[in-house]
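The structures considered in this document are given below.
The two complexes that follow have chain A in common; it is paired with chain B in the first and with chain C in the second.
So, the complex of A and B:
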């Protein structure tokens, strides 16, 4: 079996670790070209600026939310990738952070990564996460007259649809 | 003869003529001819509500050749079409549009619900944004279960629909 060389992934991790020793809590290389970094939610903007300007990850391809009702937390994941640097174009860095489940809010990264605009709106709509500083935080995909709770939270039930 | 009695007279006769037409077309060779022509001229509406449309595309190709069963090509305007194939999951947002499409189609119109999602919600059953069964929106003639159904299954649904058209009343 061929040895998998993870030098580029290790390089990104070392770069981040030396710059943000306190912010980054956990680092994991899931497999080749996929890196997960868990960080403190208060420093998202610094981290995003560093990722864009120095590491070369110039856009996010998605922002996801995960609801953990038993742990009373919501995880927000930023998938950052690069167009401009050819040598890291195939790498996706997953920036992961935890928010408290009630009153979940985090600073918006639209001013840094413009492609986060719609993804943040979607995460706001589906999980109720407030992105502070977002220019236009409205609902995106649900029905026009929708006024229900965020539908992707696990303890939200829709009895009129037959959910128990 | 005054005008009112003339109107009554005409009304009675028009009513009788329509009854005569109904009995004439409701039985025998005229019914057979009308239903036969309807059977061989099914014009489907192509509205992609979800992923089943890939199988619909496979069914419409030359390999299975549905035109030998009277299913015409997907072409022409909505107002000339008479077969609505609901291709997959119907979200609540799409349901409005689907209803508009159905109401614009020419009568007599037929509906095939294709895939588990259109039949009963399927994978997305009891989800907050899904219409579980399309028969909440309009009457459905044939259900095709499967996720997605094979092109042959859809073809057999069309054969069943033809059978239904062959036996139906001309003026229902």
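So, the complex of A and C:
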């Protein structure tokens, strides 16, 4: 395979690193067009604002939670992409942060990325992550008679579905 | 710890719109009904004949697809992950398989890529015809286009059955490449069908898209401006109807799309009629893509063997489904089952546009706006 040029991906990383030297913990170019950035959860809003206003990532495709019961942490992933800047339209930046499992809370980014509204509600419901400052943090998908813990956590098992 | 939902519980209090309204307003629950594409409820607040606000209440068809995906192995996941949007099964299947292939390091041979592309574009036409019949035709009270589009859709379904063996839920693309090569005589049949369909598209235009009644019902209704569309992060024809030229087939080509010549139809108006026209033009482009793909398809193997296990790591793949960008993040953990599958689909993203569009409009315009979004509740609920 031909050598892939990753100058745009590295440009985004360098931009972020020089702006937030203490916030960014780890950066990784997974492959062309995919960048994963691990950051400190307290600075999500500054980072999101920078990503939107200066880097041009104007919307989120989705927000994913990942539960790690053995490490006692929940990871939250923001998939940010751009409509308005044609030269970076194909890049997806994955902003990743860790939250403690027993008290998972993080500032909401709805005021910055309005597209995060329903994604934050879903992650709140499925993983119990509290998005502080969200205008309308209610249940979204589960049945009204679901009174168990957030169902996507790994210790909620459904034996009738098989072994995991 | 094992928890299951409790069975016997008092009925929950009725959900109300959180902010109290003016004395002149009335809260109406629309649904939970099946408005052509799945169970779904809207809580609307009306003042006379005007809708003041709307709150989407979704989740009636939530199946926990992402949770089930953690219990099934990579191949067994395909049938249930394509079910959320059965009329668009190829795209949901392909969107999930792309990141799995990326994790496993499998490369699909060129002929396999072309066959998947042919199946996907046929599926796009079928999905748009379903939309034209139900979400545009029936919702605007146009029963002729319902019959025409549904009848023509069946011709494509028959060809899809010939190619994949199933009418709607194909499970056609496992990791490594499509399951079957093009059957004998398929090219001729598809070419004939495309000739017929192109003539029909002209008739669709005459009876529906240029129909003054349809234009009067849809034009200027439910306007989503370009800036709003970008801010809300909507996807697919809803986005392109607001003037944003964004299509995953172009910005991040997968399958055989890099070799094929086609255009991305966009309209600046952002109203329901613009979204209608985007889908109409997309059907024309799909015909163009299918003709080229049949012409250019190379010879050779169609699939490679893929391992059953995926290594540790995350991969995000995306395809342009009929409703818009369909992205899936798959996380492997060295076993035959994914550790986490995250589905990011267009219907769930377009849901946020609903309160923006259904605001200060007549109650009678609501079905048109809802239909123009081509919202698929089951896909959104997963």
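To be clear about the criterion, the second predicted complex is superposed on the first by the 156 of 164 C-alpha atoms of A that agree within 3 Å, B and C clash if a C-alpha of one lies under 4 Å from a C-alpha of the other, contacts with A are read in each partner's own complex, and residues count from 1 in each chain.
Going forward, contacts are C-beta pairs under 8 Å (C-beta built on N, C-alpha and C of every residue); 3 or more make two chains touch, one makes a residue touch a chain.
Remember, predicted model here, so these are calculated numbers, not experimental data.
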| item | value |
| --- | --- |
| Which superposed partner A:161 touches (first chain B, second chain C, both, neither) | both |
| First, second, both or neither for A:143, with chain B first and chain C second | both |
| First (chain B), second (chain C), both or neither touched by A:10 | neither |
| Which of chain B and chain C A:42 touches, first, second, both or neither | neither |
| Which of chain B and chain C A:151 touches, first, second, both or neither | both |
| Touched partner set for A:53, first chain B, second chain C, both or neither | neither |
| First (chain B), second (chain C), both or neither touched by A:83 | second |
| Superposed model, chain A: greater residue contact from chain B or chain C | C |
| Contacts of A:118 with chain B and chain C, given as first, second, both or neither | second |
| Intersection of chain A interface sets (partners chain B, chain C) | 142-143, 148, 151, 158, 161-163 |
| Footprint of chain A on chain B - complex, ascending | 92-93, 125-130, 132 |
| Residue ranges of chain C in contact with chain A within the complex | 1-7, 9, 12, 18, 58-59, 62, 64, 66-68, 70-72, 102, 229-234, 239, 244, 246, 251-252, 314-316, 318, 325, 327, 329, 331, 337, 339-340, 342, 344, 348-349, 351-352, 381-382 |
| Parts of chain A lying in touch with chain C, wherever the complex brings them together | 30-31, 33-34, 36, 58-62, 64, 66, 77, 79, 83-84, 89-90, 92, 94, 113-115, 117-119, 122, 126, 136, 139-149, 151-152, 155-159, 161-164 |
| Complex contact set, residues of chain A against chain B | 142-143, 148, 151, 158, 161-163 |
